[in-house]
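Note sheet for the following structure.
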Amino acid sequence: DIKIGSTLAMTGPASFLGDPEAKTLEMLVEEVNAAGGINGEMIELIQYDDGADPNKARTFAVRLIEDDEVVAIIGGSTTGTTLALMPEVDAAGIPFISLAGSISIIDPVEPYTFKTPHTDRMACQKVFEDMQKRGISKIGMISGTGGFGASMRKQCLEVASDYGIDVIADESYGPKDADMTPQLTNIKATDGIEAVLNPGFGQGPAIVTRNYSQLGIDLPLYQSHGVASQGFIDLAGNEAAEGVRLPGTALLVADILPADDPQTEIVRAYKTAFEQKYEMPVSTFGGYAHDAFRILVAAIEKAGSSDPEAIRDAIEETSGLVGTTGTYTFSADDHLGLDLSAFKMLEINNGGWTLVD
Amino acid sequence: MPELMQFLLSGLTVGAVYALVALGFTIIYNASDVVNFAQGEFVMLGGMITVFAYGAGAPLPLAAAVAILTTVFVGVALNKLAIEPARGAPVVSLIIITIGASILIRGVTQIVFDKQIHRFPAFTGDAPIPFFGATLLPQSLWVVGGALTVFVGLYLFFTKTLTGKAVLATANNRLAAQLVGINTGWVMTLSFGLSAAIGALAGVLVTPITLTSYDVGIGLALKGFAAAMLGGMGNPKGALVGGLLLGVIEAMTAGYLSSQYKDAAAFVVILAVLFAMPQGLFGAKSTERV
Amino acid sequence: MKLGSKHTTLLVLAVIIIVAPFFFPSSYYFRVGSLIFINGLAVTGIVILTGYAGQVSLGHAGFAGIGAYACALAPVYLGVHPGLALIIGALLSGAIAFLVGRPILRLKGYYLGVASLGFGILVAMLLTNEAQITGGPDGIRVADLGIRGLLREMGFRVKGSELWYVLTGICLLIGAWLALNLHDSPTGRALRALHGSEVAARTVGVDVARLKLQAFVISAVFASVSGSLLALQNRFITPEVAGFLHSVEMVTMAVLGGVGSVLGAIFGAAILTTLPQVLTVFAEYEYAVLGLVMMLVMIFLRDGLLPSLAKLIKGREQ
Amino acid sequence: MSLLQVDGLGIEFGGLKAVDNVGFKVEPGEIVSVIGPNGAGKTTLFNMISGIYLPKAGRVTLAGQDVTGMEPHLLARLGLSRTFQNLQIFQHMSVLENVVAGFHLEESGNVLSDLFALPGSRKRARTVRAKAEVLLARVGLERAAGAEAGSLSYGALKRLEIARALALSPKILLLDEPAAGCNAVETEEIDELIAEVAKSGVAILLVEHDMKLVMRISNHIVVLDHGEKIAEGDPETVSRNPDVIAAYLGTAAAQESEHA
Amino acid sequence: MLEIKALKSAYGRIEVLHGIDLSVSSGEIVTVVGANGAGKTTLLKCLSGVQPVIGGSISFRGETMTHVPGHKRLKRGLAQSPEGRQIFTNLSVEENLRLGAFLFTDARVDQDMAEAFQMFPVLKEKRNLNAGGLSGGQQQMLAIARALMGRPACLLLDEPSMGLAPILVAQIFDVVKGLKALDVTVLLVEQNAFGALSIADRGYVMETGRVTISGSAKELIADPRIREAYLGH
């Protein structure tokens, strides 16, 4: 048997990330095993729930490595848990694919750590590119103070000037906040604002979107890839969400993707399988886990062995692997393997996703 | 001054949410001196059960009724199965039981339902109501109205009814309460039932605004607890005022000072109030002679 | 053998710490062990504050946060050795506890609870929001304590987890020794007296305000050192260490095990630290079971695991 | 100079003058009793003298020093000690420890020395323990030394409080109804104990409704009613004072105390 | 009316009542005296159902009461003024009294309250104040008055004279005596043995959890053992 480990935020504040991620892994392992495993060997998946607690994540990493003796780890739903367990995988020499957003995970590159989601910096770049196209140069930001929101805010502030964008209002809200009208009122009252960007995930962006429409602010609103799921539209409500743009992945627009798009097939397959099995809509986050698993399986197949060292090398040599998020090509100094092209600018229209451009 | 008005409206809405949770604490506290840390889970259950009942096709009022009744059942069961059997245990032990209960309820909810965030439609639409240059959602009126109604009900209950007095007597001196013929077990059941009902009602009212998921309970319980302490634990007036005040302080801080530190500002105010009034704004000073 | 007497307690603890490793199948158990010891240390502080003096804090994780971030930041900004940073953190926590404790300890019961809660939240917010300094919610790396390297130079090769097992075990023993010393000392007695009746304690000459403050400061230092050890062991720390949940966890561990006794509270720390690890077999049901276990323990062993069990055993003997 | 001197002491609770302009003196070795109907203000007077309530008016002087409103723990240092009408027991400590706690001022040292169990701390603890045992024997509770204080009967707790108050080696001892809950024979024991303590030079200020006890041992009696001093003098005089009989003693009791 | 047979009770594992036999007939005043710690309070607590009985039986008006829960005993006619007064300190004096009549909602409640105020005028003065602020003796009055509000057929009094001024002690004993006319049976635990025996019909002496002497009040007052041990000089 090949033992693969995962530690994900299946519960706790990031459970809407960890839950679909864990479900995806479970589903894919079943699938692979049903098809005869990898190189004839069955996969045994050992999953732990770290509840987004970095200390727990680290302990589970040790457990996976020392006690369960896995050959690779997928996990870290959040940046905090990922950074916490990295020293452990590094010391033990176990390949690890993170599902978290921050650029700090792969920059600087650590030998055993890879990741599948676009970085928050790329999300900023994608958004700013779109703003530039629309001739927007002065924006307000309202960010969640949780890990994802805070980190993306920082990245956005860093790259804004590259796109000639001025952030002239900078507000935030806590992870459990239920009302953002005061912050939005301030943004609204700031002179010259042309658009608003909201980095964050969870219920926050949905509330922001609703408050935005309550206050009658009719400037373009941008969200991050942190809310790229049908759930977001449902929560915000079709009306409030109308016209919101965000950088997303092919997964969300599986149905309207041109048939010749390289991702179409894989995206639709995953979507159908997941939605059938779990009776809930797919999310980008499950997609990250999907990609991580595919990358890992491909690497093990290629390495022809389940030696961690060999797997790591094989991952690093991955090239042109098509996933739900994009097409991955890793190298010794790129452990993300995606570029901006894999990001699609999406807009919500009539309660559904449409591709901008 | 439309900004000020907007901050105020926003503060009052959020404050009413806190007040509803704080009011829920009041009864169990008054009956047993226990701050029921599972109170937030009652709110969560109210919201989540409504979501799923509504999703299953029940009309909203029916879904809400189902949610409230189910939550009352959970509250009563909590009392019967956990609090009653531990009778006579130190108050800290009882509090830990309620913390355990909150973890259990959350754990079961995530299995029975799911871990996603949910919402159901506002009772009377989402069209913003303009108000002196600011806007307000119709659902906010429901929440504020709900908080006021619960407040009035509780206030009358504790000041005008013998049963209300029996509840207070039970917490004050359980032994004496038994001696005057109060069925203290029943008082506890009643208290948990009522608290659960108030909690669930809060959940039903606020979910269209705050959204809900299996784990919203802790956050709400925490804010409700802070609000209750600010107003003075056990006093419905305190719960109402404490909740509203907390909401307004947060909104004003977010609006005028820093949205990052609005929770901090709220706690700074609480600390300041407690230094001047160690029993909160309306807390009864208990007189124990020596 | 009288349970709870100082020397038996220390002996029992030491024996467990020394003997347990012989049953460890992998070094993962050393990690869990050291986490127990780290939590045990914080909880021992809670015993002093809550068990002895009867004051409940819902914000002690704030001090753990100060200790942890002292180890993360002091080496960077002050260039001091991480070991020294631990001491700086402890002193800082003590000093802050001294300042904060003065006003808030005038409050009683739940009011003290909410005030300390506020303090803890303030610390957690600072650590989260002042990201330029603290690294923000995603956490920050912590420098290496360097003991392993030192040992290697001296020719000993030890695994990180084993080393930390030993280090934290020693710290816990020292902490327990201090707390036990205090219990039967005049200060400890005065603390327990004011728990019983503040008025009476005052009339026998106990300076209640000062004594509560002392207990608060001592327990803050315990929490701080525990936070530092966690940071140094993990080499990475996030603001969660200062969070409300961590504060509640400390109190829960203490009460579950028996807040009046050092051994009991440490036992509580052991249970609540291992339980989530054990409960992974229940997968989805983990939290439901965890909550259930907590409730059952408190319902049937209301004074906490250890004291209640001791009572049961004593009863049977009679 | 008197050991304790109270001048014009007064306090109000929500408009009610619980104690109003009360003054008297207590000399070393003297037993002064304060009597008066229920609610007359006796306990409140004690609470002001012992620093638990802050008087609204008046002055308390202890051995020449103005101690009005001084914190109880500081008063303890000056040798003032008391018991309580509503028992204040350290419930979860053993009976012996309750008394040992009474020696706080004598045994307490430095926290750090306690934390590290330095020899000094340990030695102090030992000597104090022996003394506490002697005191317990004196109030007849030596057999209960190891029991948890919360498990004692009411009368036993009353005596435990006396032992704890004595542990302070007070110069002046305030006893609030020490014989309440004791039968006649037990009261006599307490009576002897008080007399003995007074003989050693300790001033005693006593509140008690047991007139036999009061009349037998008091050197001086102060009578309060509605917060005001209505009479003062030796037992003889006071017990014959018609105001005192009307407000407090009642005729039957007055006769009884005559024969005491 | 009240029949106690071989009653045993314990705190934890320590037995403190070792088989008490005691009976009270209807309309009687019976007193129990005994030294500190003899178990008098424990006995009364067993009768009012707030202390578990581990052996023996209690029957009241012909019905077994041994394990009837505490709150139901008042309904059957058994009220207690407990040791340590146990008033509701956070409620007003009036609320305390009202709760004494928790079982009743008829007009007689007001009448009873008026009578209580007549008996203890101080309570009327302080009716709207927190009972916790009362002086010790005032609280004692409140405890007695509250027990009477429950319209007991049998009243259990635990040291009712404790902390009362002499003038009131006499009054309390008068009140107790007066209860006889109202057909209320009284079981009176007292340290003031002389006072208690003077108004009682019969008495029991308890020592360390056992009844050692019993008899008519007259006999007991005259008994030298009792003079020696409980009445003093």
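The letters A, B, C, D and E name the chains in turn, as written, and every chain counts its residues from 1.
By definition in this document, a residue touches a chain if its C-beta (ideal position, glycine included) is under 8 Å from a C-beta of that chain, and two chains touch if they have at least 3 such contacts.
Quick caveat, the model's predicted, so the values are computed rather than measured.
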item	value
Least hop count linking subunit C to subunit D through chains in contact	1
Farthest chain relative to subunit C (centres taken as mean CA coordinates)	E
Chain pair showing more contacts of the two, A-B and B-C	B-C
Distance between chain centroids, defined by C-alpha means - subunit A, subunit C (Å)	36
Between subunit B and subunit D, centroid-to-centroid distance (C-alpha), Å	47
Geometric centre distance via CA averages, subunit D-subunit A, whole Å	73
Residues of subunit B whose C-beta touches two or more other chains	110, 260, 263, 288-290
Interface hub residues of subunit E, defined as touching at least two other chains	133-136
Subunit D residues counted as touching two or more neighbouring chains	43, 52, 84-86, 88
Contacting residues of subunit A [partner subunit B, same complex]	10-13, 15-16, 19, 145, 171-174, 176, 178-179, 181-183, 185-186, 189, 202-203, 206-207, 210, 214-216, 231, 234-235, 237, 239-240, 280
In the complex with subunit B, residue positions of subunit E that touch it	48-50, 69-75, 79-80, 82, 86-91, 95, 98-103, 105, 130, 132-136, 139, 146-147, 149-150
For the subunit D and subunit E complex, residues of the former touching the latter	13-14, 36-40, 42-44, 85-87, 151-156, 159, 177, 180-188, 209, 211-212, 247-250, 252-253, 256
Subunit B residues within the subunit E interface of the complex	162, 165-166, 168-169, 172-173, 175-184, 284, 286-289
Touching residues on subunit B, where the partner in the complex is subunit A	3, 6-7, 9-11, 13-14, 17, 110, 114-119, 126, 128, 135, 137, 206, 209-211, 213-216, 219, 251-252, 254-255, 259-260, 262-263
